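In what follows, a structure is listed as structure tokens, so that the remarks can point back to it.
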Amino acid sequence: MIKYICKRLIYLVLTLWVIVTATFFLMKKLPGSPFDAERFNMMSAQQQHVILEQYGLNESLPRQYVKYMGNILHGDFGTSFTYTGQKVSTVIGGRIGPSALIGLQAVLIGLAFGLILGIIAAWKHNSGIDYFTMIVAVLGVSVPNFVAAALLQYYVALKWGILPVGFWTDWRCSVLPSVALSFSATAMVARFIRTEMLEVLEQDYIITAKAKGLSPMKVLMRHAVRNSIIPVVTILGPIVVNLLTGSLAVENIYTIPGIGSLFVDSIKANDYSTIMGITIFYSAFYIFVVLIVDIAYSLIDPRIRLAAGREA
Amino acid sequence: MDELFVRVHVDESEKEHIAHPNLTAFQEGWLRLKKNKAAVASLFTLIAIGLLALLAPVFSAYSYKETNYDIIYQVPSITHLFGTDQFGRDLWVRTWMGTRISLLIAFVAAFLDLTVGVVYGAVSALIGGKVDAVMQRFIEILVGIPHLIIVILLMMIMPAGIWTIVVALSITGWVNMARLVRAEILKLKNQEFVLAARVLGTSTSMIIWKHLIPNTVGVIVINAMFTIPSAIFTEAFLSFIGIGMQEPKASLGVLINNGYQVLRNFPHVLIFPAIVIVLIMVCFSILGDGLRDALDPRMRK
Amino acid sequence: MSRLLEVNQLRVQIETQHGTVQAVRGISFHLDEQETLAIVGESGSGKSISVKSIMGLLPKNGKIVEGSILLEGKDLAKYSERQMQSVRGSDISMIFQDPMTSLNPTMIIGKQIVEVLKEHRRDMTKAQMKERALELISLVGISNPEARFDQYPHQLSGGMRQRVVIAVALACDPRILIADEPTTALDVTIQAQILDLMRDLQKKIKTSIIIITHNLGVVANIADRVAVMYGGQLVETADVRDLFYETAHPYTKGLLASIPKASDKGSDLTAIPGTPPDLMEPPKGCPFAARCTKTMEVCRQYPPKDMLCRGTHRARCWLLDERAKALRE
């Protein structure tokens, strides 16, 4: 197990290094400059030099790269171009709260509804609720999150006025974006658990459980559900990716001061130190989640727990 | 009655008679797919959407970029089936034009994914050994990267346009296909019928052509069915957050973005392209599921 | 001896996408106290479906359309699902073919045994149940029961798992133990151990056994009586001695001839040519007519009746008819 985690950690570092390097050189290729072109050209050579110095842009590319890598190791992602004088890490840090709240709420909503729907659908296979679940599952992955978010905003907030349209003032503002984000998670979980459970219900140990004289409810809860829920952990990675990308659009639509909207704004402003910072932040977060998920899975499922233990 | 008690001759060939006709995996798969009404309906819907995307702009009196400031934001009517937008452009034509572009991007991206992925996966699985190990380590690193982020970065450094999106999507999209194809071939390679063919002295290229490729096609087709809608989504998403296709070119994402800007007052601008994109995604998703059930031998009962 | 279980004219149908399968077509047999009955037949002959209908565990698309299943005079075919729940695991229990998959992989073994007790022995305390479970684990020949109690199925070998499955089945001292090919998935050496174990346990806890198998070696080893099933019907029922030495039905003869013998070294294996009938459209005459070496015209036209050979030995074959006397050899 420890050997396995070490191997995974090495990959984690390697992947991050690839990402940082790729991002760094891609950003250097970026057409246009983060500075306002007109104003920058009006400056004297002296002033230009000072500005470039300030952002570390007047050195050779390899030197900039080495310096950037060194700084990252100290948690320093450079200075933001748009939020003058602010460190990128500070800017990102200030935006984590809203994004985390919405993301967490979306995951919880998705898990709750997805599990309930998926379990009932498999249990009542080919019934009305099963078809309903399938429709939810198909729509949930097919309706683009920005369309869902836009429509929710239009009907629930604008037309019916039940919840705020946007702006980050109180908790109620987080409801609609969380719901909009949760659709794909609900769909993925419902679909996954339904398939998983239909398979589990075919297993011999389910017949064994029935042959013991257990009631259908006990067979379901004790044997089928437990064995089908465990693998849901494995799709947490894809769910998180979906939430990350979804948040880019959804945060913009609901004007939430989160990382997603910061990222989109930085793209529009060519603020590449922030773009790089967020890219690295997202990637690290994703890789970390996948690692945690894998470790958690092997801890929960006794079959894998032992297989890994033996291997190590 | 006694005349019944006489020995009769039973034809040997009759004894070995097999009741069911012998079908290839694909014939059987097609029969299964035909039984899946939702999948068939999806297939026809997609064909209809494809035809509309091809033909509607051709047979319309309007062009997708023709502006007319007298008729901005008109609601749907006989003359303008989907209404008009902020420049008085006909949304019927723009929607199908956008569909055309979105589908084009999706198909080309899926095709490139498929080619790169299949080749990479097949080479990795067939050569094996150190080459496979190196190729897999490389993939393991790539898998850790959230694709959309890389796509966005690529979009930023390349000039906006259809081919930029196609390239950005293909650079990141092939990894899954490569993994699936490799896994499938490795699995097949060790299956009895391939081992048997090898024992019988079948040449390697025959094994690849007669056994490995036909049996991998299912996985490839199914995965392509999921790649296409995801490419359509990504394109629309990029356009929506403002780094994809640019005006006056219309992709579904651009149209939805335009519609979103005026959603409060003119919801029809958003609704039609949104319906089309949802329809496309839903149909591909159902068709993909149907194909998987029909072609995947593991799901066969 | 009283009749413990009596199955009369049982017919079971299974609805599939392609049509209705006549899986079991009117079979009758009985089981006495402490007796072992083997049901023999090839795959698809309907043997598994027959015993599953006794347990009330037919798949959702399967249905008993006719006949009765009398357990000490009470008709299980008429029992509700809830009534069947109290029978399963308590009066009748069942073990399945593949021990690798018939235990829940994420539940410790002890819990899987205790679970049956919880269901049917409500008066027992937790401690008593655990004690009983430990007792069962050692009863089925697994050493160190305390340690095994907390282990997961994948930590045990196939043979061990089948022992655990047997322990689960015997937890409530069932009257009848149904074993659906209990040794097929095991190594040959382990097979013998499991059969020995079942025989010993039968003596100890005085249960009756119905064992399904396609292995005549297993039959000779364990059974008192044998029922041979073909095409959804019982073609021959006999004491184990009679079946081997006074074989009446050509299908049974074919099965016996197909057992390789040491003296056959070098010669080809004997097989019964052909395939079993399609039970979607069962033949109107004898189901075996198409593969039989002694087919008569009558075999194709009329289904043979159940005929008595000697004592309790019965078979369904037109050759046993007076009029076919001349053709028997």
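By letter and in written order, the chains are A, B and C; residue numbering begins at 1 in each of them.
Methods note: a residue touches a chain if its C-beta (ideal position, glycine included) is under 8 Å from a C-beta of that chain, and two chains touch if they have at least 3 such contacts.
All of these numbers come straight from a predicted model, not from anything done at the bench.
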A-B or A-C, whichever has more C-beta pairs in contact: A-B
Core chain by centroid distance, with centroids computed from Cα atoms only: B
Chain centre separation in whole Å, for chain C relative to chain B (CA means): 49
Where chain A and chain B are represented by their mean Cα positions, the distance between them in whole Å: 24
Chain centre separation in whole Å, for chain C relative to chain A (CA means): 54
Touch list for chain A against partner chain B, complex: 11-12, 14-15, 18-19, 22-23, 26-27, 29-31, 138-139, 141-144, 146-147, 150-151, 153-154, 158, 241, 244-245, 248-249, 252-253, 264, 267-268, 275, 279, 282-283, 286-287, 290
Footprint of chain C on chain B - complex, ascending: 1-8, 10, 12, 14-19, 35
Footprint of chain A on chain B - complex, ascending: 140-141, 144-150, 152-154, 156-157, 229, 233, 236-237, 240-243, 256, 260, 263-264, 267, 270, 274, 277-278, 281-282, 285-286
Footprint of chain C on chain A - complex, ascending: 203-205, 207-216, 218, 222-223, 226-227, 230, 301-303, 306
List of chain C residues in touch with chain A within their complex: 55, 57, 81-82, 85-90, 93-94, 96-98, 101-107, 115-116, 119-120, 152, 154-155, 165, 168-169
